[in-house]
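Below, chain A partners chain B and then partners chain C, in two separate complexes.
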Partner chain A sequence: MTFHWSVIWEHADRFVAGAMLTIELTVLTMLLSLPAGLILAFLRLSRWRLIRIAATAFVELFRSTPLILQIYWVYYVLPVFADIRLPGLATALIGLVCNISSYNSETFRAGIVSIRRGQWNAGLALGMTRGQAMWRIVLPQAAMRVLPALATTWVSLFKDTSLVSVIHVEDLSYVSLKIRTETFVILEVLTAMAAMYWFMGYPQAKLVDWVHRRFKVAE
Partner chain B sequence: MSGAGRVGAAGAPILTFEGVVKRYGQLEALRGVSCQVNRGEVVCLIGPSGSGKSTLLRCANALETLEGGRITFDGADVHAAGADARRVRQRMGMVFQNFELFPHLTVLRNVTIGPRTVLGLDRAAADERARALLAKVGLSDKAGQHPAALSGGQQQRVAIARALAMEPALMLFDEPTSALDPETIGEVLSVMKALADEGMTMVVVTHEMDFAKRVADWVVVFDQGRVIEQGPPKQIFEAATVQRTREFLSHLGWHGESIAEVAASE
Partner chain C sequence: MDIDISPLLTRWQFLSQALGVTVYISLLSLTFGFIIGVLVGALRTYGGRLLDALLGFYVDSMRAIPLLVVLVWTFFAFPLIAGISLNTTTAGIIALSVHLGAYMAETVRAGLTSVRGGQMRAALALGMSRIEAIRKIILPQALIRMLPSLGSLCTFAIKDSAIASVIAVPELMRQSQIVAGQTYHYVEIYTALMIVYFLLCYPLARGVDRLYRRVAHLGSS
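Coming up: the complex of A and B.
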């Protein structure tokens, strides 16, 4: 049996471009999903019941269906329903952001409600508005507390971006699978793909482990 | 009526409770509490745990809503529709049993955050005020530390400085020494005593009977959501007229003159 590792080098630029897009998708998704998740968390903690219900419905919809379905849905169904046709990358981003912001909202919500009542009272007793107490006192503490959970979501997200390949977004997965089909060099291409994901993912996983140790809840 | 018989430097009423009722579901935490705090006075609220003392404090600065009665601060109804709770809280400092310092901020920032966010003081002015207050509570050297690095007594002194930074007209203390190690209680009480000596109006929920007896101008005794007795400390500690007051004091090991027999007979 002979190996054709040269195929990898011949297509190196495409692999690199795919990897860059994977990183770009991960970073963009998280950048958008952090504020979106925070807003969803606030809506779920709203004093108005209707707003709470709407936000909860959104979150539970996206947490309880497969991401691949969500991506397909945005790609195929949204254009029909809403007559919106977006570029593939934007479509992928919408699917990922809806999904990840749902998870982030639950994380933020858990963090916010974990801050004890006395901290709110201490802020309010100084004459702060509820908003000031939230931004200056509760949220900074909640954010520190949920950093490990957010980091875990980040690493899952990095791997889950591979699902956007099903709608022809040319990330590392799409590019790898395409090269495989073009060249019929299966073992080498899939191994290279695995190696690239691993070399990018492993440092992130280690960083997350460090974050978990560093930001352990301490009173 | 509640102010009757007060002596000394008592000024005009600043905080008045009239028939205050507070319920949590079925539980009636306050069942028509009336008492009064005059300017410059130290009023101590004593009584068994769960008798409603702390609840009354949280009602005073509108951290809790009322089911009945009226609380008047500086002539204005605190709980009236349209009342500005924030304005009231700015003028009433509050010190909590569990300190409730902000753990993500340094000691200095804990003290400046109120003036900065609520009063809109600039950084330099807030810092100057905070440093003066930290010196006053004896913690100038801790300004750059985080609360977790401080002892309980030190944390509570910072909490007092934090409340004072708003330059309140009145201070509420909610069992300020109950969460402290015995050896650090004294440092907090002496800061409070100094504050009282400066003429600060204070409402203190406490189990420190020595402090109540030495510092208070007026003592209010709570039991099961009611005021069962109130008067100057000399009367409460030496000649309590209500049996339940004597029982409570003797239970705490208070050996006042009039209850010496009760205590001895146990």
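Coming up: the complex of A and C.
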């Protein structure tokens, strides 16, 4: 069996461009999903029942269905209902943000709830408003506790971005699969794709383990 | 817009068959994944440094490479090296199991290490072999503690099986794409699909949560 590894070098710039888009998608999705997840968490802890139910329904729906289906759903259904045609990248981003912010909201909610009630009461007793007690007392403490869970979500997000290839967003997996069909060099191209994901993902997985050790909650 | 669910009604046999395939590959990949997970998790915990490093490399690699890539590689590239041919369903089950197995292994390892060392020493002192102690004393307690993670891995297995559609495994996602492509009723079909997957995953997750609350005391020592 002869190998054609030169194909990889001939298309190196396309592989790199795909990898860059994968990284961009990961970073952008997380940047948008952090505030979105926090808002969802607040809505789930709201005083009004209707808001609580709506937020819970959103979160549970996106946590209980496959991301690949969510991406298709946003791709086909959103233009029909909302009557807007978005570029593929924006569509992918919406799908990813809905999914990841749902996971983030559970993380934030668990973090907020884990801060003992006494912290709240002490804040209020000192004359703070509810908002102040949340921003100055509860959230800073919760932030340290949710870091490990957020790090785990980050790595699975990095992997999940590969699913945007199904709606022709030109990330690393889309580009690789396309080069495969153009050149018919299957083994080498697919192995290069896996290797590139490995080189990017492996250090992240290790970093997550470190975050887990470093910020472990011991009470 | 008008909603027309007729493709769902006329093709329901085709789609329910696909649902069967989704359940089938989810169950098989869960079973194989669990076997891989228990073996790898136990060997990493009790098998010494070298095994821990080698198997740790497998686990961390699977945590780093997207499932889509594992699936595509297993179906298109692996047969070229191995000189065999795989059908889509077999390749799908292999890839899903190998990927899920790594996550199972992490869960099993966390469960095993959470059981206090005194349990193992007590079992050894009673004359059990190490294998026996793991099987009869440590694992039963660890399994109860692992239950919440195992529950979420079950829903992950179902959700991940949808990714097998990219290598044309005839499961629910793939077959729905075919029906949607033939009838152009994307909205109805993909919305129905969201509901079906939700009905599969959500009760499963809540059910395992409930079960755990009832048996949690059995895992404390």
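Everything below uses one rule, namely that the second predicted complex is superposed on the first by the 217 of 219 C-alpha atoms of A that agree within 3 Å, B and C clash if a C-alpha of one lies under 4 Å from a C-alpha of the other, contacts with A are read in each partner's own complex, and residues count from 1 in each chain.
Here, contacts are C-beta pairs under 8 Å (C-beta built on N, C-alpha and C of every residue); 3 or more make two chains touch, one makes a residue touch a chain.
Note that this is a predicted model, so its numbers are computed, not measured.
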Inset, instruction - Check the contacts made with chain A and report whether chain B or chain C touches more of its residues. - result: C
Inset, instruction - Pick one for A:M144: touches chain B only (first), chain C only (second), both, or neither. - result: first
Inset, instruction - With the two complexes superposed on chain A, say which partner A:V166 touches: chain B (first), chain C (second), both, or neither. - result: second
Inset, instruction - Mind working out whether A:L124 is in touch with chain B, chain C, both or neither, as first, second, both or neither? - result: first
Inset, instruction - With the two complexes superposed on chain A, say which partner A:R85 touches: chain B (first), chain C (second), both, or neither. - result: neither
Inset, instruction - Based on the superposed arrangement, let me know which partner A:R136 touches: chain B (first), chain C (second), both, or neither? - result: first
Inset, instruction - In the overlay, answer first, second, both or neither for which of chain B and chain C A:W198 touches. - result: second
Inset, instruction - List the residues of chain A that touch chain B in one complex and chain C in the other. - result: none
Legend entry - Touching residues (chain side chain A, partner chain C) in the complex: 1, 60-61, 64-70, 72-73, 76-77, 80-81, 155, 159-163, 165-166, 173, 177, 180, 186-187, 190-191, 193-194, 197-198, 200-202, 204-206
Inset, instruction - State the interface residues of chain A toward chain B in the complex, per the touch definition above. - result: 118-119, 121-129, 132, 136-137, 140-141, 144, 218-219
Legend entry - For the chain B and chain A complex, residues of the former touching the latter: 58, 61, 63, 86-87, 89-90, 92-94, 96, 98, 100-104, 113-114, 117-118, 148, 162-163, 166
Inset, instruction - Under the touch definition given earlier, write down the residues of chain C that touch chain A in their complex. - result: 1, 60-61, 63-70, 72-73, 76-77, 80-81, 155, 158-163, 165-166, 173, 177, 180, 186-187, 190-191, 193-194, 197-198, 201-202, 205
